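Here subunit A shows up in two complexes: once beside subunit B, once beside subunit C.
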Partner chain A sequence: MARLRTAGARRRSMGEIAYVGIIGFLAALALLILVGPILVVLATSFTDSRSIRFPPTGFSLRWYELLLDEVRSRQIHRAVGNTLTVAAWAAGLATVLGTAAAVAMARAAGRAGRLADAFFMAPLVLPGLAFGLAALMYFSLLGFRPSLEMLVAGHLIVVAPFVLRTVGASLSQLDPSLLDASRSLGAGPVMTFRRVVLPLIAPGIAAGAFLAFMASVDNVPVSLFLSSARTDMLPIRMWGMMESTLDVRVAAVSGLLILTVFVLMLVMERFTGLTRRMRG
Partner chain B sequence: MPTAPATDPAASPSPSLQGHTLDVLGLTVRYGGFTALDAVDLAVQPGEILALLGPSGCGKTTLLRTVAGFTRQAEGQVLIDGASIDDLPPNRRQVGIVFQNYALFPHMSVADNVAYGLQARRWAKPRIAARVAELLEMVQLGPLRDRAPRQLSGGQQQRVALARALAIEPSILLLDEPFAALDRSLRLDMQIEIKRLQRQLGLTAILVTHDQDEAMSVADRIAVMRGGRIEQLGTPVEVYDQPRTRFVSGFIGSTNLLPCLMLGAEAGMARIRLPDGAHLAAPLGSAAPLPPGPAVLAVRPEQLMLHDEAADDRFPVALGLALPIGGQTIREATTEGGAPLRLVEPRLGGIADRGPRAWCGLVPGARPAVFPHPDTEEE
Partner chain C sequence: MRSTWGLAAPLVAPLGLAYAAFFVAPLLMLFAVSFYADDRMTVLGLGQWQRFLGDAFHWKVIGNTVLLGLKTVAATLLLGLPLALAYRAASPGWQRVLLFVVVMPLLTSVVVRTFAWIVILGREGVVNQMVMGLGLAADPLRLLQTELGLVISLTQIEMPLLLLPLLSVMARIDPNLMDASASLGASPWRTLFRVILPLAAPGIAAGCLLVFASSTTAFISQSVIGGERLVYLPAMVWQQAMVVANWPFAATAAIALLVSVSAVIAVIATAGRIAGGRIHG
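Here is the complex of A and B:
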């Protein structure tokens, strides 16, 4: 009996070892593919050499110094400024409009709600390039010239779904009896929204705003069509620098971006449990 | 298990406090093609707790939600103190609700939860603070005023929910299955607590429940509901002792249903014959006696007793399990026709050893109910 049990235990532990081995291998592979490039870019950004090459030769901060130099990196700084301005506006508007839309759609049960949901979520699945081209043609047709406002409008459409999703998820977790309780206690719709709904979906709104902001900063396809020399955007500028000169400053920009996003992610995770929300 | 209906001599509401009346007239609510409430009439007296009792889907929750204003009726009226509240939104009805899951605002402290309704009424801050302190004192939660709801036990959360509902001085208090989420030992404490406060404040209250014990112990009157209608309305004792329909008799307490033949009625007694030949005589209730023919005898476990010898008015049963419950013994038995029976006998020093067979008869003076046979009953 005892022998049988140990044999069974051994077989199970063999299975466990195989399981851990395979999962571990896959995890290591995933890490290699996901984290590897980040490490390569980071390492490259500290190179002493004059062009992007891996492994880096020597260690220096010269490319960061050049990048932060206001005069010599003026175009990059302007692109960063444009990108942050557009992202702030697009994410801000997306947060207000997306929250309002999510609240309205949560109330409109049934066909209309589902249709509206599918409509607003479409930009997530629609190829960005197709939308960028369409937006350019449409805005031109209306007589607009490329401008930051046009970029904000274009980005707004593609980043709003993030807010819609996270706020929608928060709303669906909201206990409807809380709303009944608020009403029965004498609160009208406005007080109910301000005192009960809004505080309870605030983490979802914050998560959505963060995702929308990052999606705008990161956006290439829409910016590609809607930006001009005057309204240069950071990802487009980086691409241009890579194409023409293999400028190491691109690696330095990437390094700063990675660091910023990493810190922001930590902050968001701390306050809103972002990863939990993205899963939901 | 049947609970003997509570009779409390001090149960009449204090005359100094005048509660509000609630009248429901011909209330009909439909969801699509489904009629959830079917022309219900109900008059709740000032200072009374009325229980709406029934299985799920009987319309009790719909009735509560319509009174609260969350559900709009197709027809009929809801009146508080004789005035219609049909056109008022829920926030202007002055109706307090204790929800089944308490529905406490999770992001607010205990004190803020209680203050919410007063803030909605734009009371001045010092006045709110004083009232909140008074209410928390009343439900014995003063020291926990700054806690978050999730830090409280189930019973404490319910006290907060109660204090919050009472803060607005509601004309009617609605209790939606308030004890369902509490464990058994706490349930009785909270029932007593709620009843005590309701008495003390002279509140008119409606209790929605599917638990007959709860309805019996808390309510002054019980409305047994089924299929969107009120099947019987009466005091707990009336509903238990004189169930008007087979459904009521089965839903309140436990009942043995035995097919029988109604022979006739004479001298205030109904004569009944059971399939195994026993002739029983049961006192007639207030309802008109049934015509002779197939019928169903509804007899409560405590209305039956066992004998060792056969007689004209006894029928043979095969005895099964005997379980001691408190001071009583619950016995399972089977008639010769195969109908399962349950009966209760007082236990005097151990369980009486009766062997496998006995004769069963009515306890002298018992008033079992006789209902039409399901095949002949008009639905």
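Here is the complex of A and C:
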């Protein structure tokens, strides 16, 4: 993997050996740091002890059993339900509205197009925490009480950029001659969109919807301010479980999330080439 | 692309309206609220701003927050750049594996990744067991609730955000340029600094921007790993809004976060454009 190209040179100087060694070492360290923590959490979740330590003292599924217990983990279950409901609505709305906007913006070249793009991408770089607080003040001062609808509205803004980016990338790869061909064969704009454009950008839309859904499930800054005891969200509940007494069920929730992400990623990779789309 | 299907405006309008109602309006409200002088929000005035900007402690918090972001950017670059170079040199099969490994942590909840570092850096954590096992220290090292521990954690938590744009530009660099550089007698280091890095500048800037934005607003990682003694702007915003219930002051602190982060982001973006423009322009 760290076989770096040293084209042309047959005799390796000390400098080249140092280069391969240093770059290779740092790259390996980067990989270890990226993957290690995830494996540590996964292993920890199967511990049989009441304290969180690695390596675990013995294997058991007790924390998963406790987590799945409907009575003793009722609050967590409710938070999971809320999180999935909000994510489905936010990602669904973002996919429909975002795809429509991306299609329109793909044709808006020049300054206006770039400005619109920067505006719609802004939630990605603006501090989410400031936006979360802004949303809380806005909804409260308008007289709304905390609700899942409010969370959907806040999450919609945060996840829409993911749809815009993946659908926009798919559209930019679309061959314009296909559209000309469709038109010269007598197809109207709607027909061309449904029969030519949509099938070609479908994988991009699916990837965008998936990323939007995951971004909503993971969202902290908006949920931190908009959720309440009744509309508790999973990341916020997990934070609470970590802050007070370090509850080992956090490890079990984490383990389930990791396995779910892994499986979903394999599926999305198979059908949409997800990771290549994310690389861009 | 020529106009082939439908009209642009009706298609952008729904998302535009959603942004206006749920993004622009709340941010305007945030600004408005910061101009209430009292926490009951009855008297307008610049009181909150005077209180915020007049206190050296708040400036220190702003400085610490920006510094935390910059340290995280530096650490992710130190490890992320070599990984991107390895990615460039890897076979297509390995590239797919590496990409999967980079994306996987990104899609795994931030809270899960934060929790992982508690397990690793804690008193009985992985690092301390190794250090004590090797006899390098008699007592457990204190890593949680330190800035070092926080930067290490954020490095893993934010690195995928740097790597995605970086891998994308790296993959597009023409290998012939490197061969040319080498055959003209340049050492690999010279090729790295004079050919690869300038060409990758736009991707590096895009990645740094995302890492900076994300690490400065990472409230849960900052509060759980950093602890209460290390105060950053997000904790201040949260505390003022949800514990003290002083919304005008919380709004002022949130705008300070917004402005300081945006200023640094503008600098990074401009630097990326200049470095990229010199090569591509």
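By our rule, the second predicted complex is superposed on the first by the 257 of 280 C-alpha atoms of A that agree within 3 Å, B and C clash if a C-alpha of one lies under 4 Å from a C-alpha of the other, contacts with A are read in each partner's own complex, and residues count from 1 in each chain.
Definition applied: a residue touches a chain if its C-beta (ideal position, glycine included) is under 8 Å from a C-beta of that chain, and two chains touch if they have at least 3 such contacts.
Computed from a predicted structure; not experimentally measured.
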Looking at the overlay on subunit A, is there a clash between subunit B and subunit C, or do the two fit?
-> fit
Comparing subunit B and subunit C in the superposed model, the one touching more of subunit A is C
May I ask you to decide whether A:224 touches subunit B, subunit C, both, or neither, giving the answer as first, second, both or neither?
-> second
Using centres of C-alpha atoms, tell me the angle at subunit A that subunit B and subunit C span after the overlay, to the nearest 10°.
-> 100
May I ask you to decide whether A:183 touches subunit B, subunit C, both, or neither, giving the answer as first, second, both or neither?
-> both
In the superposed arrangement, does A:193 touch subunit B (first), subunit C (second), both or neither?
-> second
May I ask you to decide whether A:214 touches subunit B, subunit C, both, or neither, giving the answer as first, second, both or neither?
-> second
Quick one: classify A:14 as touching subunit B (first), subunit C (second), both or neither.
-> neither
First, second, both or neither for A:115, with subunit B first and subunit C second = neither
Is A:29 contacted by the first partner subunit B, the second partner subunit C, both or neither?
-> second
Determine the nearest approach in Å between the Cα atoms of subunit B and those of subunit C after overlaying the two structures.
-> 8
Subunit A residues contacting subunit B in one complex and subunit C in the other 180, 182-183
Can you name the residues of subunit C that touch subunit A in the complex?
-> 1-9, 11-12, 14-16, 18-19, 21-23, 25-27, 29-30, 33, 78-83, 85-86, 89-90, 94, 96, 98-120, 122, 124-126, 129, 155-156, 159-160, 164-165, 167-168, 171, 175, 178-179, 182-183, 187-189, 192, 209-210, 213, 216-217, 219-220, 223-224, 234, 237-238, 241-242, 247, 250-251, 254-255, 257-258, 261-262, 265
What residues of subunit A sit close enough to touch subunit C in their complex?
-> 1-9, 13, 15-16, 19-20, 22-27, 29-31, 33-38, 40-41, 44, 51-54, 93, 97-98, 100-101, 103-109, 116, 119-120, 122-131, 133-139, 141, 153-154, 156-157, 160, 174, 176, 179-180, 182-183, 189-190, 192-193, 197, 211, 214, 217-218, 220-221, 224-225, 235, 238-239, 242-243, 246, 250-251, 253-254, 257-258, 261-262, 264-265, 269, 274-276, 278-280
In the complex of these two chains, what residues of subunit B are touching subunit A?
-> 68-70, 89-97, 99-101, 103-107, 116-117, 120-121, 164-165, 167-168
Parts of subunit A lying in touch with subunit B, wherever the complex brings them together = 175, 177-178, 180-188, 191, 195-196, 199-200
